[in-house]
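Next up is a structure, given as structure tokens.
Every chain is named by a letter (A, B, C and D) in the order it is written, and numbering of its residues begins at 1.
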Amino acid sequence: MIIIMKPDATSSNIERVANYITDNGLQVHLSKGTEVTIIGIVGDKSRLSTENISIFEGVDRIVPVTESYKLSNRKFHPEPTSVKVGCTSIGPGNLTIMAGPCAVESNDQLMLIAKAVKASGATMLRGGAYKPRTSPYSFQGLEQDGLKYMQEAGEATGLATICEVVSQEAIEAAVKYVDMLQIGARNMQNFYLLKEAGKTGMPVLLKRGLCATIEEWLNAAEYIIAEGNPNVVLCERGIRTYETATRNTLDLSAVPVLREKTHLPIIVDPSHSTGSYRYVPAMAKAAVACDADGLMIEVHNNPACALSDGPQSLNFEKFDRLTSQLAPFCQIVGRSFQK
Amino acid sequence: MIIIMKPDATSSNIERVANYITDNGLQVHLSKGTEVTIIGIVGDKSRLSTENISIFEGVDRIVPVTESYKLSNRKFHPEPTSVKVGCTSIGPGNLTIMAGPCAVESNDQLMLIAKAVKASGATMLRGGAYKPRTSPYSFQGLEQDGLKYMQEAGEATGLATICEVVSQEAIEAAVKYVDMLQIGARNMQNFYLLKEAGKTGMPVLLKRGLCATIEEWLNAAEYIIAEGNPNVVLCERGIRTYETATRNTLDLSAVPVLREKTHLPIIVDPSHSTGSYRYVPAMAKAAVACDADGLMIEVHNNPACALSDGPQSLNFEKFDRLTSQLAPFCQIVGRSFQK
Amino acid sequence: MIIIMKPDATSSNIERVANYITDNGLQVHLSKGTEVTIIGIVGDKSRLSTENISIFEGVDRIVPVTESYKLSNRKFHPEPTSVKVGCTSIGPGNLTIMAGPCAVESNDQLMLIAKAVKASGATMLRGGAYKPRTSPYSFQGLEQDGLKYMQEAGEATGLATICEVVSQEAIEAAVKYVDMLQIGARNMQNFYLLKEAGKTGMPVLLKRGLCATIEEWLNAAEYIIAEGNPNVVLCERGIRTYETATRNTLDLSAVPVLREKTHLPIIVDPSHSTGSYRYVPAMAKAAVACDADGLMIEVHNNPACALSDGPQSLNFEKFDRLTSQLAPFCQIVGRSFQK
Amino acid sequence: MIIIMKPDATSSNIERVANYITDNGLQVHLSKGTEVTIIGIVGDKSRLSTENISIFEGVDRIVPVTESYKLSNRKFHPEPTSVKVGCTSIGPGNLTIMAGPCAVESNDQLMLIAKAVKASGATMLRGGAYKPRTSPYSFQGLEQDGLKYMQEAGEATGLATICEVVSQEAIEAAVKYVDMLQIGARNMQNFYLLKEAGKTGMPVLLKRGLCATIEEWLNAAEYIIAEGNPNVVLCERGIRTYETATRNTLDLSAVPVLREKTHLPIIVDPSHSTGSYRYVPAMAKAAVACDADGLMIEVHNNPACALSDGPQSLNFEKFDRLTSQLAPFCQIVGRSFQK
């Protein structure tokens, strides 16, 4: 970390900053340029609250030289990670397709959908049992029953299963029934939940928060990994912007940016980001083309009757057509995808 | 709720939508205009997932006629609410000033600050015991010890106390020690936490999420009130925009908008929104001028050494000067404020 | 257009609105539902300023039934448009690649770049002669000389040429030298410039404004077409959001949304949107995969010495590698691209 | 300007950057810290395109030490500026109220409004003659006739007049009839127009662009001043965010931020920012409380019949009530305001 002093900072300004740093057990590396003086801090920075230095007189700004996330940082783990989930694995060489209903509605419905998405090439089954809904009066999910249906559908089809968790209670139930936990966008900075998910050691899909920066996202991943759980997969699902033609704005450039900054696998969710089944195929293809490791797509046997997110769900026929269209893209980008 | 059909919708398109509605036990009110046909839905709409109707052929859009929030809605509760907290109350006629450190650091520090802010006119003491921090390596708070110090400082000074809660565990501890719970911006749509806060029956300060719309915010309040707890106070603390000159963008227009839409009291936090002590006084005055019911301001005995948010904290002298400047504004807007 | 009255609107509220409409020579279609009354307006709505109706007592909101843009609207022109530029054409069946330097710097430089991008498969040469720069002290372009060099390079290579215009003066010069005019993001709502560009009858590339909605963008296109010039091509180049990891956020979902709403061709600019050469290839592939009609890519013989936008420019080798990688994608999406 | 090298930059990386700088006639100040090497650039930086250095191998980032705007920068002009317009002046000690219709509709209407706003305390008359409208089919203004009516109304009442200009043609007409030119939000980065406005030497009100940062705004002001015209006033009018409860989001914190960064006067427009007459009074008071130098408020004799922006216009009675309410605020903040 370096501190840039203002052009008109006095020597006593500089001295005061330097003393503050050495008083905290760190060392100072001073460099007086012609325009400005720069103060480098040497040692374990976690000892002092560096942001405060910005209010010392004469300080222009503080420039961090290293990122605050370490375990999710590609600098320290240059090789891309593969995360094993059930019999499948998410990462280099594969295109993982997680498909299924927004919310689990019944055992029969889920079984029907699981078989259909499996037939079309999905390797994982998604389905919400605990639904975070904007209004308390909307359908909130089947909770534990939903998890059980997920397990049954997973066993019947051989699909690995993933379910969102929204509380410690939900985590405790989910670990018994599904293969992967999902932390949703609204909970991306629910640090308590991140730690609990980390403690389980299970694979975790971490969705990007609605207005999270990529840096905050990687710091959230760090919370999980810091609990000893390296099995984290990131999922871009659209960010909030002023544009209302789509539900959110899919930030697809996040894929190459993340590739550079982290070794963790990256999934793209074209359903929640666009909010309309009409835009899902185009964005799914774009995601594969820019080298995402997989897709999370909402599929429903009868979208018009879905209890949640019907407008963005594909029916079986549309999903099957899409996976057929994705196959040649997979070949170009060098990812195996069996259909 | 009304459904607007497309100009070129066929009679069979219209019929199919109408049947879907009546099949769900509701009634239909049809209005064929010259340009478009409009379908009104009559009855308890919670029975069907209305968003799905948008994917029926021939449907242009769905227009909700009523808000999804009821208990926090001014339409049904025209009189403004006052929320009692300890010996003070937040609402019409008062200017409530909640002041204190971002994080409780020690018993001595907190006692010192509590006495100072009390002397300058604050009626409530704020202080974080559980800190949600972007990086897992930043100071995370004193937890239960912090709560105890809050209680002691509150008792010693007569200030009501408020503390952020981030988990059920934190709620269980906080109810024993402080007068008001705070749900922070990152947890505004942690619906599980909202319900738990609702169940306590205690006053709750609900901060606006970093990218929450006012409508989502009022729906979040609805989660708390729906648990039987009407003691909710809203706190505008800045939203995320592209502008980086301030930490966030204080959306002060939210104050008159909320006045219109809800009966709940409204607090403004100029510290977190601007991120700099230099901008706090201007925004505090603006908030009082546009009729906020109170302010939440970070005050620290030595901002340069604060373990969290030092750059935006006022020292005692600056806070005292500010409250002196606020007094004449309170007189104009008709709010009592004793100093 | 329909007007939705509030549930508690009185008959005299309704009457007053109806009278206002009929007083303006239009007709009213009244529909009293059980919850609300809806007033449809029949006739030529351009006669009255409909937004004002929102302030009549008892009015809840106004819902437009038709878009304000007509000539750029797919509803009225279902077939996709091809725009001829020089010997090439932008639209269905082709992948148009516009490549070249951000700013024209010299005749030699431009000739060198033109030959290189031609060899790699570009069909159009881009190059700025009038540069809109944030600071008045940055390089502002070679102006008319730059246009002349564009013409020479175009003639030497057979590439069609495109240049940004920023004033009437620049338009007058550009029509003499280049094949296509570009309206930049900062001028998307410079309506005066749009009209002038429309009057030339020349092909116009209309970049999306930094914070323009898709609807505003199509209305801007309408300004050009309304002057009798149907040769408009749209260019998505990233929008401004809170994320700073990329220069702007490329809104790639705009491609399928525009396909639905307009018949105009769509180009994607991965250079300006991401701001870094490292992210250009991934986003170029994604754009082709989601069915864009072309790409605008910054290429420079020596990016490190570019007078403008060096960091986002590809050198010849990187550009050549990219076009080779794009070829198989073109085959899948059914667009011809010769290299 | 300083260049921060990556921790793993090699000596040849460093050497290459240093050579590039010295080859451009500048000097280098090298500082090797324990973590990173920092390269300071000494001399006239306008000679090289510094952003390019970011793509040299081993470079982590470039940190500007000084702002790119100079003439609008408070560092070099510590005293706040007053801008004289007609008989009034905008700046310290005064509260300037610019009021009038969004669009000039007729001579009679304008005269009526001018007299009313004068009686309520306005010192300047605003009114649009050239209207930049989203759709080409909306009312575009009376153009030159509108300007004449402005002049007549100004002379009859003694109010100084201000009118938006959208083209060189409009500037040429406006300088003959009004006292102050306005550059609207959509043209804030129409650099050609800024230069033309600068050349007139007349007072210019520069509105903030819909998604302009404060830094870009001050650079836009720099374009005007660099033409030899120091008479620039800034006007905050709301920025575009995801929130739709208001037309835009009024960024009132921009007022204290600007105070720190620039010596130019600051006006706040609560009409365009909120988009509703219901929110104008609260935001007008807030603006005065946080020390704005004035307000721009839309007033119409009959908002329901306004040709533009009716919903956000105050009628005479509401405007008069507002100015009465503002008077005591002016007293507190020490600004003279006669009513």
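Here is the rule we go by: a residue touches a chain if its C-beta (ideal position, glycine included) is under 8 Å from a C-beta of that chain, and two chains touch if they have at least 3 such contacts.
If you're wondering where the values come from, they're calculated on a predicted model, not measured in any experiment.
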item	value
Chain located farthest away, centre of chain B as origin (C-alpha)	C
Comparison of A-D and A-B by number of C-beta pairs in contact, larger one	A-B
Centroid spacing, where centroids are CA-atom means, of chain A and chain D in whole angstrom	39
Geometric centre distance via CA averages, chain D-chain B, whole Å	31
Between chain A and chain B, centroid-to-centroid distance (C-alpha), Å	26
For chain B, residues contacting two or more additional chains	211, 240-242, 244
Chain A residues within the chain B interface of the complex	20, 46, 49, 51-56, 68-69, 132-137, 139, 166-170, 186-187, 189-193, 210-211, 216, 219, 222-223, 226, 240, 277, 303-311
Complex interface listing, chain C residues touching chain B	2, 4, 7, 29, 31, 33-36, 38, 40, 42, 60-61, 63, 65-66, 240-242, 244
Contacting residues of chain C [partner chain A, same complex]	211, 213-215, 239, 241-246, 249-257, 259-260, 273-274, 278-279, 282-283, 285-291, 328-329, 332
